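Take a look at the structures listed below.
Presented sequentially are two complexes of chain A, the first with chain B as partner and the second with chain C.
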Partner chain A sequence: MNMAIRAFLLLLLFFASSNPAYSLYEDQVGLMDWHQQYIGKVKHAVFHTQKAARKRVIVSTEENVVASLDLRHGEIFWRHVLGPNDVIDQIDVALGKYVITLSSGGSVLRAWNLPDGQMVWESTLIGSTPSKPLLLIPTNLKVDKDNLIFVYGNGFIHAVASIDGEVIWKKELASEGIDVQQLIYPDGSEIIYAVGLLGFSRFDAYQLNVKSGELLKHNNMLFPAGFSGDLSVVTDDTAVALDSTGKILVVIRFQDGKISFHQTHVSQLIEDISGAAVILPSKIPGMFTLKIDASVIFIEVINESKLKVVHKIGHANAVSDALSLPEDQQAVALIQHGDGKILLTVKLGNDWTSNLIEETIQMDRQRGLVHKVFINSYVRTDRSNGFRVLIVMEDHSLLLLQQGEIVWSREDGLASVIDVKASELSVEKDGVSVAKVEHSLFEWLKGHLLKLKGTLMIATPDDVVAIQKIRLQSSEKGKMTRDHNGFRKLLIVLTRAGKLFALHTGDGRIVWSRLLNSLRKSETCENPRGISLHQWQDPHHHALDENPSVLVFGRCGYNSDSAGVLSIVDTYTGEERNHIGPLHSIAHIIPLPFTDSMEQRLHLLVDANRHAHLYPRTAEALGIFQRELGNIFWYAAETDKGILRGYGVQKNCVLEVADDFCFDTRDLWSIVFPSESEKIAATATRSLNEVVHTQAKVTADQEVMYKYISKNLLFLATVAPKAIGPIGSVTPDESSLVVYVIDTVTGRILHRMTHHGSQGPVKAVVSENWIVYHYFNLRAHRYEMSVIEIYDQARAENKDVLKLVLGTHNLTSPITAYSRPEVFTKSQSYFFAHSVKTMAVTLTAKGITSKQVLLGTIGDQVLALDKRFLDPRRTVNPTQAEKEEGIIPLTDSLPIIPQSYVTHALKVEGLRGIATIPAKLESTTLVFAYGVDLFFTRLAPSRTYDSLTEDFSYALLLITIVALIVAIFVTWVWSEKKELQEKWR
Partner chain B sequence: MAAHHFLIFLSLILLLLPSALGISNGNAEGYSINGKVRFPGFSATGFGLPAKISNVKVILNGGEKVTFLRPDGYFSFHNVPAGTHLIEVAAIGYFFSPVRVDVSARNPGKVQAALTENRRALSELVLEPLREEQYYEIREPFSIMSIVKSPMGLMIGFMAIVMFLMPKLVDAEELKRAQEEMGNQGVPSLANFLGGAQRTN
Partner chain C sequence: MGSGRRWAVEFADNSTSHSSRDILDPPGFTRASQEQDDSAVSKQKKDAEANWKAQKAWEVAQAPFKNLFMMAFMMWMAGSTVHLFSIGITFSALLQPINALRGVAKVFEPYKDNKVDLLAPKLVFIALNLVGLGLGIWKLNTLGLLPTHVSDWVSSLPPPQEVEYSGGGVPLY
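Up next is the complex of A and B:
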């Protein structure tokens, strides 16, 4: 009997342990994950609609994406994300089949196949002086049966063959320091013009032979008053510029090597103006646009140098470039803003009195203003011209308008996520109807029978389709209420456009979106940008009728000393409850572990003058804060100076205007890193909401190790100043990496370690009592990952049971951050194959589940790596006891198991960050990876030990039970009969 | 015959091609690294890449420069300073070892490349995946084992063990005694029927 049970248990153990930790079947894709592809804010758009079966628009964006979109539905045909330093300058289409991109400040020219996006050729254009990149693709210029592309970049003009990217000729133009601003190629001629300015006082015009690049003529003329800003080329031989005062318009004509200036006072053209004018970049033949005060004025150049005002609009409006129509006409699209709608007018280039089209389109207020317009025409059935326009909005979304309607829209603001916070959904309130339950029960059973068929492999293809549909459609997934397991949440996402989105974790749809008032451009706040999101109010125990809310921080400029702004947004409705600012600068944001009676979290904002400001500004919050005044510490790493400083908070600050909520800070400690040998490369701290379940770790030989768990741990890495650049710029002997573990309350260095011959970039995560970091080992020329585990020595004595009984242990003595901790560390290093862009660690509700380190690789995938692989106690030959404890034999490199890619066969293009959110179910953590794409999934690092998996076959269970019951009865009847026979015998 | 001519023509063209792979001194500012990515199972000339890998990226020094593959699988980096560099290939479905490439100022044009994963030196910069990556578990076809492994299977198995093995572990005499006792009480129970099963043997 005993043996049988033992055998059975062994069998059970064997089966339970045979499965890997995380893996996915192909048909499970999309069950608990979703993936969304974006492109970012569009900078340029080129339509490709003529003679094309599939009408498409080619766009380049601020996220360095070049993409081909379906003009009918807005879907992505293909897309490429260029490197982070490879900013796209210009795009165009050549030969009707290649997309040409000029990037990296005019140094890289690439051609992509228009139908499928395969790169055809790539040319690097080398030059020395950085200059304005220009791209010119003449429509029908053939040189030796080959179409040419002209590129101006880095001071050189290049003629490139469009078929293979070969540079036919090149010529330096910037040798004298001339800033070339435009290339002009009059159709059908032999000459290409390059016009530019020298030192804002001389106009230069070059004429080059298109075939050989020979410099035919170089003329220049001095303009003593000086120009300001850029040239606007109006026609093939006319340009317009403003003088240095911004009051006089200069028409420059440069025909046949003769240059002439004609000056016109702006006030002669336009009455009652006050400010200086600015020429806006535009491409409307015969015309230029001028911005004065708050209006944009269109001025036509007539009779070679006379100017005439054609049109005047408010400056917040958007204008497209001109579109050539048949019969030498030009069309220009203008967009004016109304209240909750936009007015689109298309005007004929040479006749601005009438409109070709005038349409009013209802527009969601949350999209803000129109930033860019691109126009395209099509031939209507009655052979007249119809127009469609592509508009880019303030929230970075992209919309196609046609016939007064929005044909499609793309939420491309989501390509530039800055920060993410999860928020709970509302609790389900209304009851459940019986009929619904009955119906759903029936459906449920039917679904499970189908699934059973699937598992038994007896399903017909139709059934398979039905199974997949049921799986994906799981009606529970997209519900707007909380679920029992805590899988359904709202992801509150802040984007660079200053828009806040709420995404549903079930299916990734946008629940609400809000363009924040505080992060919109205004006169008081010129360059607003979001910094971070914080949980402001998260009602759990009190104030349950209040909706949860988030706090959004922003800045009005690029420096940390520019004025700050903040908004409070309700996460259920997306309503902006309050917005404050501009106010004091925000250098550091410290969420405090205290909440007031309304469950509003206290936040301390430290400004550039190191004054700490308390929020919310209520008397109650002040009371709570003043009680804890002595216990509040913060630190700041001054990367440029190489100093780490710790601060405490003192009494109220002394200002001209008394402010109860402002506090002074005092210096407590500082660590100065030697500037000649160390430069701060990375810092990392523990996540504030991490829960640690157990403080002790029992090893195989019944030893107890106490984890050193402190909220104040800071990991800091420094590299030699020489090695701050990329790999390849330094030799192993010149570089070293030093890592520190520092207590931020006392400034004590708990651990210091040097990795000789290593360099950054350093990526690190801190969790519980361990730190994992990734860096480059120059000697082995491989990436390495190291782990440091910190244990408490002072409590190591407590393992004696007798002491525990006698009460001489120190377990109950208070733990204080001031005391000098006696710690010991263990560490180990491993090789890792890939570069890492970002790193995160899984978080669970109670911290019982084992951890996984999530690595965002250079290939834009997310790899989950068990913490067991990063255990400093790994040895080459672990003992039997250690094996039982789960210690893996030591290998020199960390394994990359393809099945443990969280993103499976998908890519999160342009990956920037990974956020982990604990679910209510202890085994599960929610993972959100963001970059240009968004990806969400659930992970169970130790498998879902606390719930049945999705594909658990209830039907099989029911059938088994029924079969067992039947078997019992059958055998019972059988034995009865037998017994009766026996008795009769 | 025509095919033969074509071959000669092709080889001539190949000869005429500039030294396509390796490092060349392009400009005073830096060097160029030229290489090729080859996928197994595609023609040796490399024309026509599989559709799913048109999105392959080649990355220099952990993201300093990113380039893409040409239709024939070639890639190049320009303006690279002398030093030891790292090239990574990001292709969904394949695992590529990072490659260490030495660009030396002294003898330009010489390739010194090695896979960092297995320290294999490369004579020319032709990168091949070390292995294909299978991101999904393979669903095994229906088998008796999978049923046995499932919780229900284990339940049935346990039942079977209890039913057929346990009676054998109990002493026959003892069982008989117990049987009689039970019989005297006259209660139909599971033990009763177990006894029945025993007796049939």
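Up next is the complex of A and C:
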């Protein structure tokens, strides 16, 4: 008996303390998660439509993706994401079966199998001087039964065998400092030309033997007036350049080793021009394009050096490269913009007077201008040529046009997400029709009956399919109203193109999208780009009839002192309510913890001159701000100087124009890191909207530790300046990592710790009273993760139970950072197998649920790691009480449980960030991971303890209850009858 | 004819005093002793019953004592972690004495007697049950279910408000 009870107790203990697994079943994939694949803004496109087989287009993008798309539907056949440092320079197709990519500034050449995307070979082309990478694949040049690929990169010209990537010969051309601009291979000849400029004043032409790489001739000729830099090769022996003033066109002929210049004044060709001309890169034989003022001019080179203007269009239009047609003809596609539509014209290369095609296509205004055009032809049933064009828009989307229709479109702007904010959906309106309710009730019952069948394992395979379909396409998921659990929200996403998207969390569809006016190129704002997104108005208590809105912040230009632009966008409709700018520069955006009566959050924008500007610019906001003026501080981490400075906000600033909303700041404190041994590597702060449930941490022996919880904590890591480079560039003795925990109000260093022999990259998250960071340990040759927990010593004295019962303690009274906090820290380090791209922590509505650290791994997956593993109180042999508390025995490395991959079998290619959003249900947090791909899911770090599971069978419950009631009734009647019979006996 | 009746036996003899009798008792028969003996026997009987009741009352009063050991053993078996088994045992340890205390009068009802003093057994019974109750409460405390620690009062205390606010960071690039 004794043994049995003990065994029973042990079993209970085992179940109570066993690790909960967060994995999901196969049929749960796609229920609450979605995954979207993108490629980014297309740079190059090569069509592959010769064969009758599946027509495809090979593209390379600014996100360093090389992909093969289905030309019929725009789906991805295959896709490869190269690293962020491996920028794709050129792509082409060789032998009709390999996709050749040249990347990393002309030093890596790869061949991919066209049908399935498998890599066939890879060659590293070594050179010394960086130069413009060029790729030339002659269509019918055979050397020893092998087709050659010519690559110019890093000062060398390489001839590479297309079959295996072997370098057949190479020759240095840039030894004198010549900037080679073009490789020319006249069809069928034995010679390859390389033409370029030396120091903007000399034209050089090389002639090389294609078989051996032998330098046959090297001619050059000085041009005293100097070139402006760009060269446009018009034919196999003619190039056009502009002189340094941009007023004179120079036609350069370099046939048979003789070079000759012919100068033509631009004004002779085109009347009434004012500005300097620029040669645009184009590939139209016999022709080049010139941009003057606001127009693009096509100029043909005739009779060897005569020039003739062929066509003139506005500059905002796009032109494709020439496409060779049968019978030695060329086709060029031109796109002009109209009002809400675009005009596509295809012209013959040698006859610009007539159009092959002229089509008008309706175009969504939110896609902006056409940036790139790629043309492809097909043979119509009547044997004439038909054309399809692929266009890249201002918002980075990709569209295929054919016969005046948009065949398909891809929203590839979503591959370059900069920032994410979540927004609530609108509240459900009352008054749903009865018919709808009846219908849904019937559907509901039907669905549950099917589910019941599934539970009782009597479902046929068809039923199983139907059940899965119902689960995946639940109409609840995609509704446009708020739900009870807070799972349905809008994800407001800002992309690099300056477009704002609203994605529905239920199924990931685009609810609305808007190309922001403030982030479009204009005369006052030359190079606008989006920087960040902030919650502007989020009505919860007052002003409930107002729609929530977000603040989009951008900047005109690339310097920290360039003008800033602001936009306020309604998140329900996507309308741009207001846009301000260009205005003062913006170095810091500080959302303040105050809102006005309209629930607009107060923001402090600090410019490069350290003036603080208050937004919104209303008297009410000013009143609130001035009341709190003495308690508002800000700090700046100057990474280049290695200084952390703290500032206070003062009275109004003294400007030429009086501005009530501008405030001066004064220096309060500074921390100077020794420049010879420390350089700021990373900073991290707590998320602004994090909610903490309690300040006390209760240990197993009923003791209390008070957490030091402050919103003003800054985690800062510095590394030795030598160790800034990649891992392995320094010895362990030379490198050290120092971490600081700093109070940013007073500048007090609360904690400082040195990790000798460690180096960056450092990634960190701060939450509640703890910090988790990831770095590389050079001595152990492994990545490490450390945790710091900060506790308040001053509060630890509160031990009188009676006082606490009566509430006469001061634990919840407001505290000030100037009251000298006494803190103590606990920390511990563990080895970790992965390198980490990004880190985040789960957030829940009330902060009760335990936390998980989300790690974006190098394999582009998201791994959830329980905070329990990162607990400085872990020991090798925890006591029974500690075990009951959930402390895991200490191990030297953190376990990676395959089931805890949030992204399960999927990859979020090019992962850049992870955003966590609390749901209304306390146990659940929403996770959005973005990179080239997007991934969204729901997480329950302590499992869904506050709701029934998704597959809970209500029908079974209902049926059970009904059956029981019936049984009770039947037995009652039965017993009554029997009793009566007994009495009659 | 004056004496038709020759003899008669009077069966109905209601008198108990021998003085009123005209017939002597048979020799060897003493009426008094018999009467005396009868009353002594009944008195003895009553005494025995009272004794027995008292004894039983004491037994009942001491019954929780055995229970106490049983309970203590069960509690030791249950361990000090909170789970179904230990909670069940603890609550039964708490409920049993409480129910017993509520029904003290009922428990001692059968032993009520003028001659038996039930106060002492009752007190013992109550005391023992109180000990049992104490044991239960002590067990409850060891399980950590009594709010006697600081941790029980601060575990949901929200973090204090901060007076100052500071924001910023690395300048936006």
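Just so we're on the same page, the second predicted complex is superposed on the first by the 918 of 985 C-alpha atoms of A that agree within 3 Å, B and C clash if a C-alpha of one lies under 4 Å from a C-alpha of the other, contacts with A are read in each partner's own complex, and residues count from 1 in each chain.
As a convention for this text, contacts are C-beta pairs under 8 Å (C-beta built on N, C-alpha and C of every residue); 3 or more make two chains touch, one makes a residue touch a chain.
Note that the structure is predicted; figures quoted are calculated from it, not measured.
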{"item": "Partner chain in contact with A:D86 - chain B first, chain C second, else both or neither", "value": "first"}
{"item": "Touching partner for A:V745 - first (chain B), second (chain C), both, neither", "value": "second"}
{"item": "Which of chain B and chain C A:W121 touches, first, second, both or neither", "value": "first"}
{"item": "First (chain B), second (chain C), both or neither touched by A:T129", "value": "neither"}
{"item": "Chain B versus chain C as contact partner of A:S710, first or second or both or neither", "value": "second"}
{"item": "Contacts of A:S532 with chain B and chain C, given as first, second, both or neither", "value": "second"}
{"item": "Chain B versus chain C as contact partner of A:H693, first or second or both or neither", "value": "second"}
{"item": "Chain B versus chain C as contact partner of A:T618, first or second or both or neither", "value": "neither"}
{"item": "First (chain B), second (chain C), both or neither touched by A:I589", "value": "second"}
{"item": "Chain A positions touched by chain B in one structure and by chain C in the second", "value": "8, 12"}
{"item": "Of all residues in chain A, those that touch chain C in their complex", "value": "2, 5, 8-9, 12-13, 16, 531-532, 555, 560, 586-593, 604, 606, 628, 631-639, 646, 680, 683, 685, 692-696, 698-699, 702-704, 706-707, 709-712, 714, 744-745, 798-801, 804-805, 811-818, 884"}
{"item": "Chain B residues touching chain A - in the complex, by the definition given at the top", "value": "26-27, 29, 32, 49, 51, 54-55, 57, 59, 61-71, 76, 78-81, 83-86, 88, 90-93, 95, 97-98, 100, 103, 116-117, 133-137, 139, 141-142, 146, 149-152, 154-159, 161-162, 165-166, 169-170, 188, 192-193, 196-197, 199-200"}
{"item": "Of all residues in chain A, those that touch chain B in their complex", "value": "1, 3-4, 7-8, 11-12, 15, 23-27, 29, 78, 80, 82-86, 107, 110, 116-122, 124, 126, 455-458, 726-731, 761, 776, 778, 780-783, 833-835, 837, 857-861, 893, 896, 898-899, 901, 904-907, 953, 956-957, 960, 964, 971-972, 974-976, 978-979, 982"}
{"item": "Sites on chain C touched by chain A in the complex", "value": "77-79, 81, 83-85, 144, 148-173"}
